[in-house]
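Chains: A, B, C, D and E, in written order; residue numbering restarts at 1 for each.
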Amino acid sequence: MPIFTSAEYMAILLSLKVSVVATLVSLPFGFVVAYLMTYRQFRGKVALDVAVNLPLTLPPVVIGYILLLLLGQKGFIGQHLLQPLGITLIFTWKAAVIATAVVGFPLMVRSIRLGMENVDERLIQAARTLGAGWLDTIVTVIIPLSFRGIVAGAALMFARGLGEFGATIVVAGNIPGVTQTIPLAIYEYTSSPDGDRMALALCLVSILLSVVVLLLHEYLNRRIAKAD
Amino acid sequence: GEINLFVAASMREVVNELSADFAMKNSGVTFKKNYGASGALAKQIENGAPADIFISANVEWMDYMKKKKLADDRSVATFAYNSLVFAGRPGVKAASLHDVTKLEKIAIGSPKSVPAGEYAAEAFRKAGIDKQLEKKLVMAKDVRECLLYADRGEVDGAFVYKTDALQVAKSAKILFTVPQQYYPRVTYPMALTVTGGKKAEAAGFYRFLQSAEAKAVLAKHGFLVK
Amino acid sequence: MELRVTLNKNFETFSLDMAFTVQGERIGVFGPSGCGKSTLVSLLAGLQQPDSGSISLDGEVLYDSHHGINAPPEQRRIGIVFQRPYLFPHMSVKANLLYGFKRCAAANRTVDFDSLVEVLQIGHLLSRSVHNLSGGEKQRVGIGRTVLSNPRLLLMDEPLSALDDNLKFQIIDYLKAASETFRIPYIFISHSLLEMRIMTDQVLAVSAGRIAAQATAEELARSQMGRSPIGYINLLRLDKPRRINGVSAYAWGGTELVISTVGDRPEALFELSSKDIILLKQHPDAISARNLLECIVADTFLSGNKVGVELACGNGKLVAEVVPEAARELGITRGSRLFAAIKASAFRRLE
Amino acid sequence: MELRVTLNKNFETFSLDMAFTVQGERIGVFGPSGCGKSTLVSLLAGLQQPDSGSISLDGEVLYDSHHGINAPPEQRRIGIVFQRPYLFPHMSVKANLLYGFKRCAAANRTVDFDSLVEVLQIGHLLSRSVHNLSGGEKQRVGIGRTVLSNPRLLLMDEPLSALDDNLKFQIIDYLKAASETFRIPYIFISHSLLEMRIMTDQVLAVSAGRIAAQATAEELARSQMGRSPIGYINLLRLDKPRRINGVSAYAWGGTELVISTVGDRPEALFELSSKDIILLKQHPDAISARNLLECIVADTFLSGNKVGVELACGNGKLVAEVVPEAARELGITRGSRLFAAIKASAFRRLE
Amino acid sequence: MPIFTSAEYMAILLSLKVSVVATLVSLPFGFVVAYLMTYRQFRGKVALDVAVNLPLTLPPVVIGYILLLLLGQKGFIGQHLLQPLGITLIFTWKAAVIATAVVGFPLMVRSIRLGMENVDERLIQAARTLGAGWLDTIVTVIIPLSFRGIVAGAALMFARGLGEFGATIVVAGNIPGVTQTIPLAIYEYTSSPDGDRMALALCLVSILLSVVVLLLHEYLNRRIAKAD
């Protein structure tokens, strides 16, 4: 195994950071969307469903472009929301986080929904009649009981995040040490004639990480199953 | 017959035009064109992709092809040259490499994977401004992405090939051309592959690419022909 | 408790349309499967929205479609005991019990934790996970959880029908103990006449989404005797047994009843079917039935193709049933004297 | 049918260890919940693998751990009727019925579709979806599906315990009709003594994964009388009722039994608990019980703290139970004369 | 809306063809893997799980390279299996199918597994004792009863397929009319002068297709739910 230079270590750390942060940041949103889709009836439900699932269907590069158009200096959100607040997102690791979160979002929502659909409605009704408001019920009943789905959703997004390339490279650029995640580094190595070994080594790291996540997920699953 | 072209993505428009011209004159000839990053194209050919002619955006990948005995050695020739320019939105004040150091953000192609980026990095070193620029650089996946950033004002300007600046840029304009002494000549080598060498039509098109007629088209698109 | 209800709710294949006012602490809702009992519970508790109508409890309007009033379930202070206990599987027994208690304003807390635990005898379960409880223990914890939320009204939606007979009467004891000790009025829903008689004073009979009748449980029971395969159930609350030769003798109506169920509790509720009483005109010399009571016919009534005979034995009352032919042979009329033979094993202890 | 079994299977908290040989067409397996009855069924059918042992059915080895023989379930030709019918929800009633039939080699097809449909009376259901069937209809279709697969042996794993009483005896009829009509030997699993007595000749009593006893159902029933709250159940098969005044009179033991269940069928099975027979020394003048039979004590036996009294009434036999004290008072010994009073409503029709 | 030229129509048709074929081709494999993971105990189960989930974690471009190395003339499968049979995969639309199938595979398997886990084991046992062998049981019981999961898995792969870019461009190339799917065409338009409008139009087509798939999926779901 080739010994990595600091650039590769930084890419690995950055990939982990981006995936972890993207997962954590999107969890509340994923939860809210899953909640709405499972328990609420409202106009535009189908539209929300379509919107959430779009990142699955669109090529990641296109998602990257869309995010650039939205978040960039002249973009709608960038110009009117981020600039006044003095926030720059694009070309920073935060942009990579957003790209990762958006691309993994449909998978996360899907998992959490499945978890929620398995929560017995009677338990929710019991909580309500025992005096818990809906927010209280969410925190004390729905979240603990759909925890498997939530963990599965997080694991999926994390895993997908480790492989995210297309959207990230457009909004975050490919700046070593700043926004260069593992997939971007791999891409760079594959495009130089003698980068194969390094590309392969980074692939192995990526595989290793995903195996760890998968095993961790299985382990958590079993622990939760046991507790039930 | 059918001719399979594997061409670096930056040559797309010009090769499209040349192949259309050739097909018009030689009825029965059709083209299958695969545009992509030079490295990806080389790997594809190495793994058996059906290619007759390979046009690379740099010399290294052509050398790789030669080393792997994928290109017909004798046929390796220079197809065109290009030059490096700095493009930015009209209001940006930059007329030389040293002016660039005063700007905030500059896009270049990722030096390891994009030749234009490698040349730009080389130029910064030669001009002695590499340290000053270090924190200002945004590395893009390819030249077109650099231009997209410049066009949209995400960066103040981008170092790109002249041809790309002419063809792709919308609001960005060429602000100056990087003097040739700062970087090696941008060369687009071309070659017949081993299989292409055995195809008469491919050889015919290969010769056409070296013809005066082809050079005129190249020049029209902003490439240098000698 | 006073509950005034006007409710309308339409489903594709079913519509509920009820208007009633009830006062009392022990109300029953009686009706066959699918008549809309559970739907009524949902509407009262605010778990489903009616199409129109109004609900007011002790003068407080909980729902009114005209005035756009609709209190959410957590503000109605109406507790539900479901058919199954639906304990929170991720919490300990104690955490389950305290769930509603913690969410109840301190001013409303009239049930305290320790006495509830004592009433329901669940002290030894507190630290356990809910997964390792038996069916009866689970139901007790479920009841405790609801009672501890200090509801103004308890809705019990067939809380016994998933339990087997032994457990059923155990749980009835606990239900009664809890509601009496903590003075919580309740609406008890069931399709069992026996449960109605034990648990309620006043009954709303529901049929196909409408209120069909409002009566006492006793009235309902007599009218159903002839049709029911188990006849009319005499309920006898007896106490202070005397043990003789492996059976128990309880003082009743100036005489004694011999019952073979061996009870160790000082007080118990027994059921005796009207079918298990044999009437004789003369005193037999020797009989295997351990009880031979001399009685006077207090009243007779017709139910289906049976004759109900209300017997007064001292100050005790029993209802027996006979076929009309036997009534003739025995010369049963109000005031006539008879012997009633009852086997010691005919009594069933309910609690 | 002859079944030779030696089986060993260990779970974490339970181990099954049985060796038995049974011959006959109506075998029972009796035991409390959790004793390993369903595990035995799974092992016999090949749905689970034993740790070691052997199974041979009518001489054919289905499993033998020593010789590495292990026929897959589909080749054993052992049918199962589960507690719930488990119909295939995506198929019509007819497709469900034919599922096993189609997969049975033509040579083995002794049950034909039309007669089965007639025996189980499910002709009108054939084109229905299985979702719209009632519980009893579902169970009948389930039985039909298994019988039509032409098994050599039918395993019935508590096929009645999820049904309510009415349905239970209806289904018993169908089960017996199907197995008798098509001559399929069966092993009937239950923890109900009554079901054992109706359905089986020979019973394997199982306890904690071991065979505790092998006896007839009758022997088991007598030994359990004193302990059981319902006593010993007399089973009476009666026919050709005479209708008088709204009750039915059946010829029995040289006299007549008056039964209040109104039956329209010429033949029926009735149960009568040993507790529902009152014994008198003298003929009472008039009695509400519609049956007063003069009988001779044929035998007595002790079971728990009760005395079982076998009565001969003409050529009819009944078992009554009394407490020892009453036995003394009535002077019960073999050969003594008594009157047995039985209410017309004490009989319960089972089929 | 700009009027598409034949090249775009071909890209749309090709995308549909690739996604449909990829979905159909991978369904049996996805089913088998889901079956093994749900019903069978065997050595290497965890390894299979990891392998199936890898495409989720690895960047699509890397998957593309791996496929190229495997399926190419000098690749293990290409040399020993495909060449003797006279099959060329890479650079044909079939390669795009394989790329799409591999990238969508983890999502498909996940859905089918969830469907299978909901099939009552007793029904399977009933089928066996009624004389159905395991294959027969799969066809007549397991497949019909896990149909919802299978449909969901197919819909997910189809949707993911519409957006597949990274792996396809490496193994199939970007040849207009031959291997240029919608994402590749979009990519080309975004990098050519005044291609923005066309890129946008193609994006809309992609979105439209995904909406149709989503609605179709919902519709099927309801019909199956009703039939149950």
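To be clear about the criterion, a residue touches a chain if its C-beta (ideal position, glycine included) is under 8 Å from a C-beta of that chain, and two chains touch if they have at least 3 such contacts.
The chain lineup, named per UniProt: A, E = Molybdenum transport system permease; C, D = Molybdenum ABC transporter ATP-binding protein.
What you are looking at is a predicted structure, and each value in this text was computed from that prediction instead of being measured.
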Neighbours of subunit D that also touch subunit B are E
What is the chain whose Cα centroid lies farthest from the Cα centroid of subunit C?
B
With chain centres set to the mean of the C-alpha atoms, which chain is at the far end from subunit A?
D
When centres are defined as mean Cα positions, the distance from subunit A to subunit B in whole Å is 36
List the centre-to-centre spacing of subunit A and subunit E in whole Å, with centres computed as mean CA coordinates.
21
Inter-chain centre distance, subunit A versus subunit C - centres from mean C-alpha coordinates, in Å
55
So, what's the distance in Å between the C-alpha centres of subunit E and subunit C?
60
Note the residues in subunit B that touch 2 or more other chains, in rising order.
40, 43, 145, 148
Where in subunit E do residues touch at least two different other chains?
65, 190
Pairs of chains that touch, anyone?
A-B, A-C, A-E, B-E, C-D, D-E
Please give the residue numbers of subunit B that touch subunit A in the complex, ascending.
37-40, 42-43, 60-61, 63-64, 105, 107, 110, 112-114, 137-141, 145, 148, 152-154
Given the complex with subunit E, which residues does subunit A contribute to the contact?
46, 49-50, 53-54, 56-62, 65, 107, 114, 156, 159-160, 162-166, 182-183, 186-187, 190, 199, 203, 206-207, 209-211, 213-215, 218
Along subunit D, where are the residues that touch subunit E in the complex?
45-47, 72-74, 76-80, 82, 84, 86, 88-90, 99-100, 103-104, 131, 145-146, 149, 151
Please name which positions on subunit C make contact with subunit D in the complex.
231, 245-247, 260, 275-282, 284-290, 305, 320-326, 329-331, 341, 343-346
Subunit E partner contacts - residues on subunit B that touch it in the complex
9, 12-13, 32-36, 40, 43-44, 46-50, 142, 144-145, 148, 167-168, 170
